[in-house]
Amino acid sequence: MNKYNSISGFRLQRIEAISDGVFAIALTFLALDLKVPVNTLVHTETDLLHTFLNLAPKLLTYFLSFITMGIYWLAQSTQFHYIEKSDRNLNWINLFFLLAISIMPFTTAFLSEYIHFKFSIFLYWLNLSLLGQILGLNWYYARKHTLIAIEGDEEKTVTKNIKARIIESQTLYTIAALFCFINAYISIGLLVLIQLNYALALLSKRKR
Amino acid sequence: MNKYNSISGFRLQRIEAISDGVFAIALTFLALDLKVPVNTLVHTETDLLHTFLNLAPKLLTYFLSFITMGIYWLAQSTQFHYIEKSDRNLNWINLFFLLAISIMPFTTAFLSEYIHFKFSIFLYWLNLSLLGQILGLNWYYARKHTLIAIEGDEEKTVTKNIKARIIESQTLYTIAALFCFINAYISIGLLVLIQLNYALALLSKRKR
Amino acid sequence: MNKYNSISGFRLQRIEAISDGVFAIALTFLALDLKVPVNTLVHTETDLLHTFLNLAPKLLTYFLSFITMGIYWLAQSTQFHYIEKSDRNLNWINLFFLLAISIMPFTTAFLSEYIHFKFSIFLYWLNLSLLGQILGLNWYYARKHTLIAIEGDEEKTVTKNIKARIIESQTLYTIAALFCFINAYISIGLLVLIQLNYALALLSKRKR
Amino acid sequence: MNKYNSISGFRLQRIEAISDGVFAIALTFLALDLKVPVNTLVHTETDLLHTFLNLAPKLLTYFLSFITMGIYWLAQSTQFHYIEKSDRNLNWINLFFLLAISIMPFTTAFLSEYIHFKFSIFLYWLNLSLLGQILGLNWYYARKHTLIAIEGDEEKTVTKNIKARIIESQTLYTIAALFCFINAYISIGLLVLIQLNYALALLSKRKR
């Protein structure tokens, strides 16, 4: 590592601050697509209900994208609870994570425009996959270079759970994506179900 | 709760950071609707005054939306003053809170486009109602899982005041919304007055 | 003050966090107006230089708006260096400060569209004036309710300097605005010079 | 320095907070240019692949702009790791740094629209150069006014490395820019390679 790089990147809190900024914008920008249609043809409450129901697919896409972002935001936040130091490389790993987050609205829009094509499913899967892999790299790197705050059994448990979650989710995403060779809608439906499952574990019991 | 979830979501400050980001963007985006009309027909100061007065409804809507956002931002900030720990579920509760915040510009625009329809009042009321309920859930959950920093009498007082505020505001919003069966404008006028009342308690005396 | 309000608004750091968010967005949004013109008629370096020079007014406006925002951001940041506690009212004072910041791009655009009208100068002046007055109120309120961290002579010096700066700048802005009765361009030129003077005190010597 | 300025600008954390906000927005806005083309002429997977490949230049530009932003964000973050105090002037130095960051999307778009002109390369180089110079000034100022947290040998090493990096990068950028007198594409290619080299030092070994 060259001399400049060896004095660079120690400011852990800035990684988290810029991440929260990027996520906040990504979350909010998704909602900008929700345009209210003009009311020329709306005369009755029933007309308005129909107008609103036409927006349902957009609202649903928004809801799902929001949840996907939430999952990855929480996953990064979880890792940083245990990371106490940073260096230049950890900064770049997280910048690439944010890069993959910031193109998520693009790959999502690409999928919804070309919903019956294998290539657009592949692209969406690639984006999800990249996010998982970068998160894996983040934890692997932090551990290897002793940037984390925990050790011994606690470190082993946390590492095991992080690893298991990444491998499990990547496997599920890949299986779901491969279903596109049978039917695109099944493939997308499965991807959605997997996301929902991770978010709505909300309903799961919490150990006291 | 599964193993991954039990190690996830402890980073309380990130919930607040992403919330401030989302609110900052929501507050500022509202102002993007304020477009300056081009000046082809403006020749005198009086013309310009008329042009400006035509913008008055938009400025008023902006002012009221800003105040609504401010009320909920302050309500969340208030709760987090007393919350000292977080877990995965608290993260998701707050992500859903931010989801309801981020669609507020949409439901507001929907209301102003279809101002004389019951359905659009219902939608706006639903959004306000969701925000109140999620805030209620946030405090309920934080208390139940001992994530808060206060106890004894202080905890009781704070809980009582938070509860009273949510029940009171939800009741007022619901009554206001029901007035749409008599007249849409009365209904909206009441909703606006309730919001103003909460914000402008600013003018109320402060106990020293 | 009612019971809910008496338990609300203690989270000082959130006021600063949402302020930095709003300022960051306002600063960056200003640059979105800088559109690159398409190149159909550009054949030589000289053509391109002309194209660029046509953008000069927009670049200048951007530069000046950025400086104005910077002045008010720094003024708020300065006050919060000395403020150690907050309450509900201080939150709302700062939310109204952010409201006045977020409509600044609008009043600026209004001024540049109707540059030779008294009313648009009045509006711009009103916005600057509001910002100064809210900042004054912020300090006055924080002092009155013992929310500040300093006392004795230090408190007196800081208060005197903050007051002097607000009175001085408000007076200068008002004089500059009144010049619109003679000539709009002189008026705007003076407003610009005053802003520049506050920002470029940068070049002034610093006591060691 | 006048009296007001001498009490102003001590809030170091706000400089970092507003910087992270501006960078987060700049990074995310770059992605808004990635529009999904409508699907009227896409019938087969091959058609879709072609459609996607047509977006490649935009994706590449986005990737490179993101990396450029990342380099400067990290450079500023690095300096602030060693800075422990601030004053009014340091605030303005960093505001001007953010000004140069916020016009980067403009100069990049200008370059990609007029890619074969010397003037647009000059403008892009000027922007990169300004960023480097302001960062240099930031460190120089912080050192001169004892705003930094380190001293002795550590201070000398850090200063030497920061200086070396700025001089090296500025020299490389200038040489690359001068190649535009031979060929615009060589010039741009070199600028890109230099950026990539700084970012992808990621792959370099890290001293344990």
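So that you can tell them apart, the chains are marked A, B, C and D in the order they are listed, and the count of residues begins at 1 in each.
We take it that a residue touches a chain if its C-beta (ideal position, glycine included) is under 8 Å from a C-beta of that chain, and two chains touch if they have at least 3 such contacts.
Note that the structure is a prediction, hence the values are computed from the model and not measured.
Tell me the angle, as a multiple of 5 degrees, of the rotation that maps subunit A onto subunit D over the C-alpha atoms.
90
More than half overlap in residue numbers between the two sides of the subunit A-subunit B interface, or less? Answer same or different.
different
Starting from the mean Cα coordinates of subunit C and subunit D, work out the distance between those two points in Å.
26
Can you work out the whole-Å distance between the CA centroids of subunit B and subunit D?
36
For subunit B, give me the residues that contact two or more of the other chains.
17, 20-21, 24-25, in rising order.
Could you please specify the touching residues of subunit D with respect to subunit C in the complex?
Those residues of subunit D that touch subunit C are 1-11, 14, 17-18, 20-22, 24-26, 29, 87-89, 91-93, 95, 98-99, 102-103, 105-106, 109-110, 113-114, 117-120, 123, 145.
Contact residues on subunit D for subunit A in the complex?
Within the complex, subunit D contacts subunit A at residues 16-17, 20-21, 23-25, 27-28, 30-32, 34, 36, 38-39, 42, 45, 48-49, 52, 62-63, 66, 70, 73-75, 77-78, 80-81, 157-158, 161-162, 164-165, 199, 201-202, 204-208.
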